[in-house]
Each structure stands twice: as structure tokens, then as C-alpha cells.
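Letters are used for the chains, namely A, B, C and D, taken in the order the chains are written, and counting of residues starts over at 1 for each.
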Amino acid sequence: MKIGFVGLGQMGGAIARNLLKAGHELTVWNRSAGRADALVAEGAAQARTPAGAAGGDLVFTMLANDAAVEAVTLGTDGIASGRALHVGMSTISPDLADRLAQAGRYISAPVFGRPAAAEAVKLFVVAAGDPAAIDQAAPAFDAIGQRVFRVGERPSLANLVKLCGNFTIMGVVEALGEAMTLAEKGGVAKQTLLEVLTGTIFDAPVFHVYGDIIAGDKFRPAGFAAPLGLKDMNLVAQEANDRRVPMPALAAIRNHLLQGIAKHGEEIDWSVVAKVIAENAGA
Amino acid sequence: MKIGFVGLGQMGGAIARNLLKAGHELTVWNRSAGRADALVAEGAAQARTPAGAAGGDLVFTMLANDAAVEAVTLGTDGIASGRALHVGMSTISPDLADRLAQAGRYISAPVFGRPAAAEAVKLFVVAAGDPAAIDQAAPAFDAIGQRVFRVGERPSLANLVKLCGNFTIMGVVEALGEAMTLAEKGGVAKQTLLEVLTGTIFDAPVFHVYGDIIAGDKFRPAGFAAPLGLKDMNLVAQEANDRRVPMPALAAIRNHLLQGIAKHGEEIDWSVVAKVIAENAGA
Amino acid sequence: MKIGFVGLGQMGGAIARNLLKAGHELTVWNRSAGRADALVAEGAAQARTPAGAAGGDLVFTMLANDAAVEAVTLGTDGIASGRALHVGMSTISPDLADRLAQAGRYISAPVFGRPAAAEAVKLFVVAAGDPAAIDQAAPAFDAIGQRVFRVGERPSLANLVKLCGNFTIMGVVEALGEAMTLAEKGGVAKQTLLEVLTGTIFDAPVFHVYGDIIAGDKFRPAGFAAPLGLKDMNLVAQEANDRRVPMPALAAIRNHLLQGIAKHGEEIDWSVVAKVIAENAGA
Amino acid sequence: MKIGFVGLGQMGGAIARNLLKAGHELTVWNRSAGRADALVAEGAAQARTPAGAAGGDLVFTMLANDAAVEAVTLGTDGIASGRALHVGMSTISPDLADRLAQAGRYISAPVFGRPAAAEAVKLFVVAAGDPAAIDQAAPAFDAIGQRVFRVGERPSLANLVKLCGNFTIMGVVEALGEAMTLAEKGGVAKQTLLEVLTGTIFDAPVFHVYGDIIAGDKFRPAGFAAPLGLKDMNLVAQEANDRRVPMPALAAIRNHLLQGIAKHGEEIDWSVVAKVIAENAGA
């Protein structure tokens, strides 16, 4: 297929590369042009505007926040002016997803997985929107991930599921952070507790990946930076507010993210939540 | 081996039966005698005092709380007066575990798993204490569970790990409860969210088991009753207090347990935490 | 002075009336025109647009939220096109206050006090902005309140102080709600606890006013409706987020407001926070 | 009257001195004897056991915790063996108060006020128990405080009210701490915010006293040490647990006390809660 790709960050770059490797005809656009060089060297075309990447069958967007997606889609020479089906992978607000769907052909398809999973074609895609449109994008999804979940016909439902997933990751990090700090102050090494947990009923990637980061103090370099994590948790909070859902664990997580950023800067992984918990205990 | 078993509740009864099935010579004691009838019919002897169950190689205790364990161990005709190695499986305070170890030969060996896992010989045993004593108990552990974790030579460390594990379960329940409530109020069925989660990076028994309870509203009958869960979380809080560890997710969980018991009584599962979250959102 | 007044709700109406009583020449505007009738009968002129109320010396705005203030100020025929000094009394975001100051002559002057205090000329005015402009508005402040606090030359500082004050009110309500519920479940009447508190070191209006509401279950009619309170707490949360300030009591309050609105509707007083606390305890 | 006084710490010493000044015949006892020297020099007798201070009309106890009160009352040569009416001023658990009442003539009479208020005869006494017994103690209360509140005939009710009061103080400190940190990071000095608050609807000693400590960073020397504050909040939490009352603001406060002690040691004032809030914001 002729595929456009807008947003060549850590995740977007890896995904775009896999589309290219799978034989798709790729046109890329990124706000800061240098990001595209490697992909162009590998065979991608480079568009001069977002619209220039939206002339084929599909155009993916993978950007940092609502404002960026809105700008490349609805702005001058934006994606909405192209004929391609817009496949939004960014973690954006459900509200924006629904607005994008009113501006043109659009499905939401956020993914689960960190950069290493993206490179290894092991992402999970959560798709929502018109079923025929999802069918159209399916070959591209095959090239970038291991499985597609379809969660509804309203695009924003995929974004809501993605937000719930990211919140659940943070819920695990918060619980692990508190448990490991307590264990360590009581004489049990973090690694020992982690082995018991992942050796029993907690044997899932989310515990392995984040448990390893926490036990090994591997908060840098960030796989997913704390300000991005905070942005996502703020989107969750916005949904919780609009739908009147009290979420006290979310509140604890957001406060720990704020503290983590205030004390460790913007370049640390969002699992800094666990680091803050340890620090607050004087550990 | 000659094994005594004190405490024939839902968990203890299932474990004792497996010891009997494995060919061990079993003597049981329970405060309310009727609980022993079925096991006696299957070949167990019945002691008249806790000490009467402590005359062989090992004596297990599986009781509801510190007070019960203290009574059967250190009270008149208590286990401490017998010659058997005391293997404590109850979820008790680390403090009591260390006191039991001063009163006689004692190791802590709490387990992970609900009644169904106990029946299926799928428990996980977390053992701490003198390594030679753990070796001595190993054949019995083989008869009741699938794996033993050794976490240290001070018995109380196993109890601390157990408490951290139970807290982490509740951390997952809290996160799932908040996420599922938000998803449902936003138009995504709880079951759909659960399928995405367990189909991706959350594919572990703790998510399957508790996700199924929450999505299916299966809070009764209790696999583990809310007041017992609250007792455990209070033990965690006591440790957190003594060791100066702020634990905000623990606080949210305890408040939800209190609310759950206040509104739904003492007979509901400890995952009522998730039910309360939904109710507070008017869901 | 020639004074315009935009926004004739419960608070705005009472304030406008006091300006009229003090002899000022008043021109009013309200989105729904009926609200102005009583004041017009008492001598006020009625403008056809917000700009029509901004042709004199001062123009006050007292509206529900950022969007409303932005619309009447920066929209077509807005206040910013008039020559009057704009005195913003609404509880709006500090960000908007600074933008209003860029659009024309503007000071922020939010007030503390509920409708009864407004009627009794007992409001407290918190003013920030150009000192000469505050001097200009001083005679009008005298007509509506008992005291003016000057907190800085950047208008938004007054809004920040106002938000901090409203948050502190809610902090008191949260604490009173938890304390009274505990006391009552333990056998001490809410009123008895309140008498001890207000008779000792808690002898301030905030404890008398909200203690009386809580002890007397006087959550309706709302003096300040829960959705408005939630709006304010969300503005506080936005500031806390932008400035990286973890605020766990704020989180508890927002969750209780969400629950209160979810269960009791939009017409209840923001002190519903205390009602929710009692309900969660099964009281 | 012939009055005994047991417990000559910062508070107890000041109260005992006022009894002596008022002309009462005083016999004192303290675990570490040196504490009594000054009072003996001023005319007090010194007993050799707690019982030795319990031979007159009244015997006051003012001690750090349940264990200390239990030891001097129910232990060998304890107060319960004397004929004096026991007037318990310590902040103890309601449970212990009721047990003391079963061991002899006993009323609870905890006080509100810090050491400076004790010296100035400005304490508030909260009394509960047999009305005739409270009448008997009334002249002594007149010598030490400005007002007596009678809250019921079961002694423990006074202790519950005292705990609720201390919790409400901490609720104010938590709210002030969060508000002042937000204000300061936004450009408003803590002192400025405090002046607005105490100049409006927050004009009560609790805001003046704690606001001054927080704004002036006067956390040392402690008027009431953080570990004692934590002990009290733990007693509140025990009541909340037993009576099934979710208290999220209490949870935030306890976590901040734990963090404060973990990072600043045991000698800091319990208002360290506000210091921790500022630190967590990187302020």
C-alpha cells in the first residue's frame, strides 16, 4: 500500500521502519526534518507538508499530544485535506478522536508496547472505527504488531481503552513501588520480592518489565518519559472528571509523577513514580 | 511423615486433605470440632488439643489472625509444648512470626492461591527460617503446592513477602476497578477492556482471576472475605508505619475495604474494592 | 461612578444591587435578559451587549467560568472594546486573567463570601493589578465588601489567591466531614463536636458556616453548587499540575465532589463532600 | 484540694504548676525523677510511686501514650489502688479509657492547647464521665484552663472528641500546607496568603498558630513532636477502622507524617506535614 507516516519519534520511527520493511511504499513527514533522514536513506519519500503524506491509501500519525495531532490534521496543508484514511496511533483525548472523525475518514489505532516492542513487531494495536476502514488498514497493522483488538465503531473508544491501559500500567507501577519499598526497608531485597511475584500469580510482561526497571534502578534513559506519562494520566483524569468517576489510585499516581518531574526533571521514565515512593520513605 | 494440622477452614481443609492424599499420617485439630469430621472419615486422627497435633514431625497452622495463632501456639496445651517443627502458613504479622520462632522450632510458610488453587495442589509456598528446617518440611510442601520460594533465614521475612504479595493483589484490584469503571461509563464493556488487558501485557493469573470477578460481578460467595483482606491490609499498614513508608495506594485500598464492609457486610469477597469504586461513580 | 455589571447570578445580582444602593450609576447586562428586570426596576439601565456596559468608568464581570468571561470580554461587542476599566470578580484561571490583562485595562478582584455575605456588604475583595487601577476601583469595592486585600501587580495573582482560598475551604469541609462522621459513629453528635471545635481553636466563620451545614444536613438549596466547586477545584488542579505541586487532599476533595455530583445531582451545595464521606461510612 | 499529678512533661509540668499556683496541695510523680525538682522547689511533694500520688481527692495523668497510662494506672503500686478520682488528660485510645473506668473511679479530661496555652491557663478541657465526678474536678479545671466542655457520661467520648480535634488540626495543616506551596510556586508569598485567609473567614487560632509556623518555617523546636502526632493519627485510624469510616484526608496526613519523620527525624513538630508537602513540590 501507499502509506504516509507523520511523527518519527522513538515509537513512530520504529513503526515506520517496519512498514517500509514489509514492502509498503512509504512517505514520511516530521516537524523537525532531520528525523526523516535515516528512513529516506532506507527508501522512504519525504513529504513537505502533512498533506503531502496523506495522498495514498493510509496515513498514520504518531505524535506527542492533542495539540500536535490537531495541528497536522486540521491545520493548513493538514492531513484532513488528503484522500488517505487517517489512522491515529497517538494517545490523544477521546474528544479529539471524535472530532478528527468528523473532519475526514479516520480510525483510532493506539498501540501497547515500548520502543523495543515496536522494533520487534510485537506491538498490540487497539482499533476502533468503521469496520471496513479497519479492514483496509489491517495489512499495515500486520506489519507493525502481533495482534489487533477491535473495541468498537466509535473511534474514541480505542483511545479510552488505551488510556485505561496506560493507567493500569501505572497502577501496577504504583503498587510495585510501594510493595518493593516496604519489602526493602523490612529486609527483603526488591529483586527477591519481584521473583516471588513474577514466579506466582503476577507472571505478566507488565510486572517483568517494570519490576526490572524498579529493582534495577533503571529509570534512565526513559522508555517513556514522565511528562508524557503525566499527559496521559491527565487525559485519564479529564475523562474521569467528565464521567464523574472518583479514582483515588489515579490521584496518587499523578501526585507521584508531579513530584518525580519536580525533583528529577523531564528526562526520566514515567516509572519514576516508584523512585519517588522509595525516596519519600527515606529509602 | 507424621503431620499435625491446626485450622481447618476453607484453605486449611483443602491443604490438609492433600497432605492426607499424599500418604502422610495426619492428626488434625480445629476449634469447632465439626470441621474435622470429613477428614477423619478420610483417615485423619483428631487431636483433643493443639499440643495433641504437635507430637509428630511437623505441625501446620492455618488460622485467621494473630490472636488465633498465638492462642493455639503459646496458650495452654499449645503447639509450642510439642516436639514437632511448627510450620506457620497463616498470614500473620512479622512481629508474631519472630516471637513464635523464639518459643520453639518454627518456620513461616504462607501461601499464595485461593481455595481452588489449594484443592488443585497449585499453591505457591513462600518459606523463611532455618534452611535445615525448611528442608525437613519440603516433602510436605510438595504435597500441597507447585513451588517453594525461600526468601531468608528470619521467619518473619516470609510473612513480609506474603503481605507485600497480598497488597500487590489489592493494588491490581484497585487499578482494575478504577479502569473498568471509567471504561464502562465511557461506553466500553468491562469484559472488552479485560480482554485487551489480558491479551497484551497483563496476561497473568492475578488479572484473569480478579478481572473475571469484577467484570462478572462475582463478589459472592467470597473466596477470601473482605474482613480478612482488611486484616491483611492493616498488617501491611502496621509495617508501613513502623518502617516509615508512606503508601497512598494502600490507603485508597483500605478505605475502599472499609466502605465495602460498611455497605455490603462481612461476607463479601475482598475484591469488593472494585464494586465500591463503581458504586461511588454512580455506575 | 458610571459602572457596568455583567453577570447577574446569585452573587452578581447582590453585588450589583449594593453598587446601585451606594449611588453609582449602573448599567447591567446578562445573557438571559430576565435576570436584569429587578435591577432595572430599581434604577439600573440595561445594555444590549457587554460592550454597552463597558462605556463608563468601571465594568465588573461575575460569571460562572472561563468560557463565559472570555466570551463577554473578547467576543463580538465585548467588554474589551469599551473604555471602562474591567474588574474581573469571577473565579477564573490565572492564565485567562493574564490574557484579559493583555486585551485591555484589567484588574482581578475575586471575592470571598457566600450570597448572604454579598447582600450584607460583608464580602472580602482580593485585588491584583496596576495599583492606580485598583485605587480607581476602590470606591466601588467599598460599596460591596468590608475589606480589600492587595496581593500583587500581576492580575492573575488575585485569582491564584482566590483559588487557594476556595481550596482551603474545601480542606476544612473535608476534615470536618471526616471528623464528624467518625464522631457520630462513635457516639458523639455532630453538633456536640462542632460546639467543641468552634468553642476552642476553630472559632472562625469557615467552621461555623460549613459546620452548621454539615451538622444540620443543609446541603440544599446550594449556596455554591457542587459543579461550580468542582470547576474551581479543577482550576486548582490545573495550577498544581503546571507548577508541579502534589496535592493529595485536593485529590480526595475532587473525588468526593465527583461522587457527590454522580449521586446527588448538580443542584447540591459543594459541601456535599461531607455528605459523601458520611454515606461511604454507611452512616 | 489534695491533688496528685503523674507525668511532668512539657504539658504536664505547666498544668501541675498552675494547680500549685492556685493553692492546691500537690503531690507529683514522674518516671524520671529529675523532672519533679522544680515543682518540689516550688512546694510540691514528691511521691515514690504512682499510687503515692493517688491518696488525695484527685489524681491527674498526662502521659505520652496508652502503654504509659496503663502502666501507671493498672501496674504495681498503680493509681487504681488509690482512693483519688483519676482524671485522665492524656490523648489515649477510647478503648483504654473505658477499661480505666472499669478499674476505678475515672473521668477523661483531655485538653486542647499547646504548651504556651497551658502556661497561660488558656487550655480547653473536654470532659466525659460521671457528672458528679466532673463536678468534683471542676475547681481543678478552673485552675488550668479557660473552659470545660462536657461531652457525655462515657469517659471514652472525651477521648474520641480529642482525637477528632487533633485530626481536624492536622486537616487544617494539610490544607494550609498544600495551599501555601501552590501559592508560593505561583508567585504569592506564604505570608501574603496567610494574611488574606486569617483576615477573612479563616480567622481562628488554628490558622494563626499553624499558619505562622508554616510561613515562618518554625518547625523546630517542636511544640508537639511528629511521633506523638503520628501516634494520635494512628489512634484516629484505629477508630476509623473499627467503626468502618473511610478517611482519605487522614490517610494523606499519616503518609506525610511518616515521610516527615523518615526525612527529618523525631524531634520536629507535627506540622512537618506542611514542610513535606513543600519538599515534594521541589519548593
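To be clear about the criterion, a residue touches a chain if its C-beta (ideal position, glycine included) is under 8 Å from a C-beta of that chain, and two chains touch if they have at least 3 such contacts.
What you are looking at is a predicted structure, and each value in this text was computed from that prediction instead of being measured.
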{"item": "Selected pair, greater C-beta contact count between C-D and B-D", "value": "C-D"}
{"item": "Identity of the chain that, by mean CA position, is farthest from chain A", "value": "D"}
{"item": "Interchain centroid distance [CA atoms averaged], chain C/chain D, Å", "value": "37"}
{"item": "Chain A and chain D, separation of their C-alpha mean positions in angstrom", "value": "52"}
{"item": "Separation of mean Cα positions, chain D and chain B [Å, integer]", "value": "39"}
{"item": "Multi-chain contact residues (two or more partners), chain C", "value": "240, 244-248, 251-252, 255, 258-259, 262, 280-282"}
{"item": "Residue numbers on chain A that touch chain C, as the complex places them", "value": "230, 234, 237, 240-241, 244-248, 251-252, 254-256, 258-259, 261-262"}
{"item": "Of all residues in chain B, those that touch chain A in their complex", "value": "94, 112-113, 124, 126, 147, 149, 151-152, 154, 157, 160-161, 163-165, 167-172, 174-176, 178-183, 185-188, 192-193, 195-197, 199-207, 209, 236, 239-240, 243-250, 252, 255, 277, 280-283"}
{"item": "Complex contact set, residues of chain A against chain D", "value": "248, 255, 258-259, 262-263, 280-282"}
